[in-house]
Amino acid sequence: MSLTVCQNTDDNNNNNSNQGQMNEPAEGGDVTIYRLCAPIASLDCMEEFSGNTGLDLRRSVSLGSKASLKNVSSTPGECKVKSSIVNYTQFVTVLKGLRYKNIGKSGLRVSNVALGTWSVFSTGISEDQAEAIIKLAYESGINLFDLSDLHSGPRAEVEMGNILKKMNWKRMTYVVTVKIYWSSKGEERGLSRKHIIESVRASLKRLQLDYIDIVIIHRADSMCPMEEIVRAMNYVIDKGWVMYWGSSKWSTTEIMEAYTNCREFNCVTPIMEQSEYHMFCRERAELYLPEMYNKIGVGLMAWGPLGMYLTENSERLFFTKGSLRSKTQNSSWTEDEVAKEDRVDEAKKHLEKVRDLNLLSEKLGCSLTQLSIAWTLKHEPVHCLLISAKTVEQLTQSLQALQLLPRLSVSVMLEIERILDNKPVRPPMISTLQMRGLISHVGPDIVEN
Amino acid sequence: MSLTVCQNTDDNNNNNSNQGQMNEPAEGGDVTIYRLCAPIASLDCMEEFSGNTGLDLRRSVSLGSKASLKNVSSTPGECKVKSSIVNYTQFVTVLKGLRYKNIGKSGLRVSNVALGTWSVFSTGISEDQAEAIIKLAYESGINLFDLSDLHSGPRAEVEMGNILKKMNWKRMTYVVTVKIYWSSKGEERGLSRKHIIESVRASLKRLQLDYIDIVIIHRADSMCPMEEIVRAMNYVIDKGWVMYWGSSKWSTTEIMEAYTNCREFNCVTPIMEQSEYHMFCRERAELYLPEMYNKIGVGLMAWGPLGMYLTENSERLFFTKGSLRSKTQNSSWTEDEVAKEDRVDEAKKHLEKVRDLNLLSEKLGCSLTQLSIAWTLKHEPVHCLLISAKTVEQLTQSLQALQLLPRLSVSVMLEIERILDNKPVRPPMISTLQMRGLISHVGPDIVEN
Amino acid sequence: MSLTVCQNTDDNNNNNSNQGQMNEPAEGGDVTIYRLCAPIASLDCMEEFSGNTGLDLRRSVSLGSKASLKNVSSTPGECKVKSSIVNYTQFVTVLKGLRYKNIGKSGLRVSNVALGTWSVFSTGISEDQAEAIIKLAYESGINLFDLSDLHSGPRAEVEMGNILKKMNWKRMTYVVTVKIYWSSKGEERGLSRKHIIESVRASLKRLQLDYIDIVIIHRADSMCPMEEIVRAMNYVIDKGWVMYWGSSKWSTTEIMEAYTNCREFNCVTPIMEQSEYHMFCRERAELYLPEMYNKIGVGLMAWGPLGMYLTENSERLFFTKGSLRSKTQNSSWTEDEVAKEDRVDEAKKHLEKVRDLNLLSEKLGCSLTQLSIAWTLKHEPVHCLLISAKTVEQLTQSLQALQLLPRLSVSVMLEIERILDNKPVRPPMISTLQMRGLISHVGPDIVEN
Amino acid sequence: MSLTVCQNTDDNNNNNSNQGQMNEPAEGGDVTIYRLCAPIASLDCMEEFSGNTGLDLRRSVSLGSKASLKNVSSTPGECKVKSSIVNYTQFVTVLKGLRYKNIGKSGLRVSNVALGTWSVFSTGISEDQAEAIIKLAYESGINLFDLSDLHSGPRAEVEMGNILKKMNWKRMTYVVTVKIYWSSKGEERGLSRKHIIESVRASLKRLQLDYIDIVIIHRADSMCPMEEIVRAMNYVIDKGWVMYWGSSKWSTTEIMEAYTNCREFNCVTPIMEQSEYHMFCRERAELYLPEMYNKIGVGLMAWGPLGMYLTENSERLFFTKGSLRSKTQNSSWTEDEVAKEDRVDEAKKHLEKVRDLNLLSEKLGCSLTQLSIAWTLKHEPVHCLLISAKTVEQLTQSLQALQLLPRLSVSVMLEIERILDNKPVRPPMISTLQMRGLISHVGPDIVEN
């Protein structure tokens, strides 16, 4: 300590403390004034960190040959029981291209690709397989595990707890997220202080952990006052059972309401919203959630790029078409109004897009799924992308998408945009006067003044 | 998860999250704005949920023959030791007609009929009987047990604890409410932080539970500052010993004062007031408590419809007459002013009403007690109605009142109103100028302007 | 429960809940409005409760013959080892005349006479004796034990803990107060969060109790920010280690500062100040502390009426004269300025007063100490008077002073006032203009306008 | 207690409660008014306390002969394994000259010289040696131990815990400070609620203590919102794991931001900043940190006077030159701009200063290190100076610097100032108008008006 170089000016001090790749280093007073005004920390000082390798992929990573991305067999359905065959010892250090980002405007830094466990603990996957997948993820540098499947929930938590116990990794090296589900039926009669506290206690017990890193409330309950929800979340945080909280499938209005209630009752604010985001589901993540991040620091934990909408099977698409439509928010229809023919038309258009994307990914030397993952990661609002896998091979393939990132140049991205043709735009502002039919009788000159 | 349909518009999202029978589904922005303004959640989005059967009684329940309601012998005094004789296996799923409502503007959803234990643990009822009654209630779908008898208090808590331990029901499937009593004499010298904390600790020990769902303070103590009461309640909630709190026999002014103090000191607000409510005791529940619900979210947990005021024994009524008078709030009398003759007159009038109601209930094919229960449940401010029973048969009978509800048509309700002739009305506003004798010298035209 | 009389009007409800002897029952709305405005509850609704006997001494207690007060030998120095000889079984119910008052504007109701343990655990008193004294106090209805001696502190706490353990009285039947001492030397280097928390933990351990009812901080530390003190007190209360807190030897300015800080940081406010108060030390308790009670609800726990200033030994008085002077607050002197002759004069005057008081107490059939205790209890600001004793006989004698209270008529009190001739008055307001010499040049007419 | 002299006027009370050497005793009302306005307690009432000896060094300590300071061999490098040879029993009571000061505007009073353990637990020092050094420090009256070395961190905490356990000193007699380190790499990915809580838990476990007295966060994390940091610190304090918190290497802007956030979210404010301070590193401690103390009560815990910049080896200085430059804050340079020759020049100048200081210390009969320590202690903003040692002899020598203090007269201090020639001055205010080049066209008369 007595040998340390003196850093006696505040300015030096300030600059030195910003490690990692800061594009716009904070400049003393101005930044701080801004921070004190902004709800939490400002967007400007929230930047990404690359992994232990110290290499910033955007600049320095030398990718293998294009073909290398296809080295590992990419048959997703294939499920080998002996996962130890796969040579994943190549991933003991942080995977090339994996980076660490603060999730929302919190101090929690997680890998930009994280493991969702919905496939890991799904039916037919043995405990050994699940363990191998989780081990691969951890050893690749992934530090967030999302336990959030509605159906395999309890099983996932119990098995995850056993694996964590067996692995004996240091608790500070990983982040576990858990979900609170509720329904109006059965035992969990709606969201309530009682249900939230009981759910968290039950999860802790199943996981055999002292605390959960993030608890995510799946769907808000319009019957439960937001004050009760934020106070209950603050309670479980205050008890030391939970570090952070977030939401899933909440409307932006509900997220804002939660934030407002947190501020009113001096409770800890939520840090993230978990939301679907992929090439064919863009509106929410690209138009509305960035506003949540900028205004109240709620970040986006995305999922979705592995979806079957990438297959070229038109019949299945026919039934899931709802998810593929890119609709403007103000249009209104009900299931019945849409003629069956329209739906068939739409499915056809979608299949054409998928075919074009497949061609593009072949040119890039990767699978369409890999392209889909890389495309999602390219979008700044995504702080953390959840991917899942049923086999070690599947996960390996998905992770190789990270090496695709530098190849997604501006021209490639434009080409994808051209194929998709679904870039979301905010609907034009509609004058409420006009809606009430008042303005039609008035000259436009008056309105404009 | 990867197969889930994308719900990419906030509006869709919002609507989808409202499950159950919502008569007036919330419409996006407007509702939320309202919510942020209202003290807690708005009345509009507080709706009832029917039980697991998914049947909404108001529409779909097909009742048996009218006579069926009288199938079980309706002699309330009768007390069979062998309760196992009664065939209650018919109630393993949620009882037809039982519904779940949020209590107050909280997220806690309880059965609209709940079990008060004052008769269950009263003198002469064996442990086996008590267990059978509680088991029947639970298996019928009742999820709230109110431990609140002043006299059998400690015994009730100890036995209830033993039954819950023995039954081993999942903790999230039931709600236990406990009362805090105090007197100015004896050990509990008034309400105080000390008394509240010591009471809760003692109840927890007797019940062998980790936490109580609702703690109800019986009577406010005008000698104890409201700040001390709300801070103590917040303390026991913060300790994890209690989930919610409420009041019993508090004036609306005291409830408002508690709410104001909670807001001032950032404490958790009370969610309910327990109050007497039946055909002959209507003023408080119909005129004043709905205001508490609308303004500060305090709901009504009612008790009373099983009272002996329904018997046709005039002499007993003579002594309990106080409870039967329907008085306007601004009239003043003392016990001594009322001539004995007046009281006899009143008792006679009451007996006539009871006779008329008995005739009506015979027409409807039910007992007067069943009519009384159904009539109370018909009133919207009642979030939860406590009934008690000394035998399994008695409880079975009372629960059958649920099937009477659809038959209480508007005309039947009007007929009851005609018989009772005690619909409470708010006393006319009295001008304070008039009271001071100033206005009598002034023309009415001036006052009206 | 189903038999309870309906109390369906809020007004009735409100009145019925005020049990005990309420001289001015609260009148609905008005009182509550007042309460919401006042810092805590209003003075008006803070009334005294008599003990279990239900008898209000002021009206109904029939005292024994005057002589009876002197039945028990009144030699304070006498110290019998075998305390079991004394027949204190006569006190198993609440002692005649003992009453229960809320301390400060808190809900905590304590006996108006309480046991200070400074003499009980002083040198030379055996454990058996101490136990006998405490047992007598408890069985007489005294429910507060003040462990606050500076010197026998640790011993007092350890022995008190042992006695309480042995007696096994219900925890809710007594109140234990403990003091936090600090000095600028030794281990307890001033008041600090560290010292407060460590002191409370140490006391709890010594007392073998789960919690202390009131923790009193002896002297404020001008070096320690008040925010740190109130936050630390709030911390120990929040931990469940302490129920209430108070102060001792704090200036009224310091008490106000503590209250202000509590309000600013949403901490629990102190409920009492422990202060000396007796016939020859009146200013603080009669002039300044009532303001604390009225404004911020801090009550007075008094001690002092057993002091040796009642002896007629002039020499000892000479040295303790400081405590006997009745000085107005704005006069300034230092020890050196006061001529020795003046001090001798003053001592003589004091002795004359003591002689006159002795004559009066003989007329009333009691000892001077008993008169002193009764006189103190006559003053409304005293919520709780601490007395101590070295023997069971001494305590018995002191408690008999309670029966003297009804005999202290207005004329007797006036006679005492005449003898004492030290009724404190607030010093006249001094114009700061005048102090600065500005006003002397200005005519009085201007000042008065 | 009954014998205590009555202190019945608030003024007396107030004055009496200020023990120790108060130069300017607080005067009743005025001071308190000031306190309520100032953020925390006012500077005026924050004074130093001398140790148990009751002797104020500034006046009464009679030093031994000048030569005595050099009695113990002053070879810092020398490291004797058998530390028991040194006769440190002479220090069983508080060392002459050691004094106790409140750290920041907190109530925590610590010795003005405290033991930093960075050398104590460095490589090559055996457990026995470490124990002997810590024992000497404790027995000399030092009551603060700073565990803050970046590299030996875990080892230091484990060994310190063992020593404290073995010594069994009363917990209230010492203060332990611990640091939270973080990096953007490795497991502690930045500062976050998760990292703070996990770090504190780990330290508690290693130290085998119930609580840490002060937790110091080393470097702020510009990626972590300040709200998250202050809430996490408040959490660990609220859990009872930590008493106080502070910072190290934070800019004054960051300290202000932390304070602002504490006030906004009602969290406990930090009490200290740990910072380098010695003869050749003065700007921060002399110009900027006193403002932090005056405005928000953050005190200075200094380290540094033992640094190797006091050696006369020019080559090593060449590389550490950065720490020796006294630069004005607004000058900007980068490593590359500074010509190598300039650096050599600077190093030469520095060596001349060191030589002059050596001569002066010889005149004063002490070593240069001792002079350096005494010089630092002379500066009022230093509430606590950390010194470390590899041997008992080294610590003994350093502590003897305390006896040098009275000899550092005004003339000696001026002589040192003359030699150093680096008294920091605030840079002149720069008009932003001028910076923008606007003012150059405007006459100075206008600016001055």
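Labels A, B, C and D are assigned to the chains in the order they are written; within every chain, residues are numbered from 1.
Just so it is clear, a residue touches a chain if its C-beta (ideal position, glycine included) is under 8 Å from a C-beta of that chain, and two chains touch if they have at least 3 such contacts.
Protein identities per chain, from UniProt: A, B, C, D = CLUMA_CG003114, isoform A.
Everything quoted here is computed from the prediction, not taken from an experiment.
Different-residue interface: chain A and chain D share under half of the residue numbers found at their contact. On superposing C-alpha atoms, the copy chain B sits rotated by 90° relative to chain C, to the nearest 5.
Per-chain CA centroids place chain C at a distance of 45 Å from chain D.
Our note on geometry: chain B versus chain D, Cα centroid distance of 64 Å, whole angstroms.
The set of chain A residues touching two or more other chains comprises 238, 266.
Going by the touch rule set out above, the chain pairs that meet are A-B, A-D, B-C, C-D. The part of chain D that touches chain C in the complex is made up of residues 1-11, 13-14, 17-20, 26, 28-29, 32, 35-36, 40-41, 45-47, 49, 52, 54, 100, 102, 105-109, 143, 170-173, 175, 213, 238, 240, 243-244, 266, 268, 297. By the touch criterion given at the top, residues 116, 118-119, 148-150, 183-195, 197-198, 219-229, 231, 235, 238-239, 249-254, 256-257, 260, 265-266, 276, 280-284, 288, 303-304, 306-308, 320, 322-324, 327, 329, 388 of chain C touch chain D in their complex.
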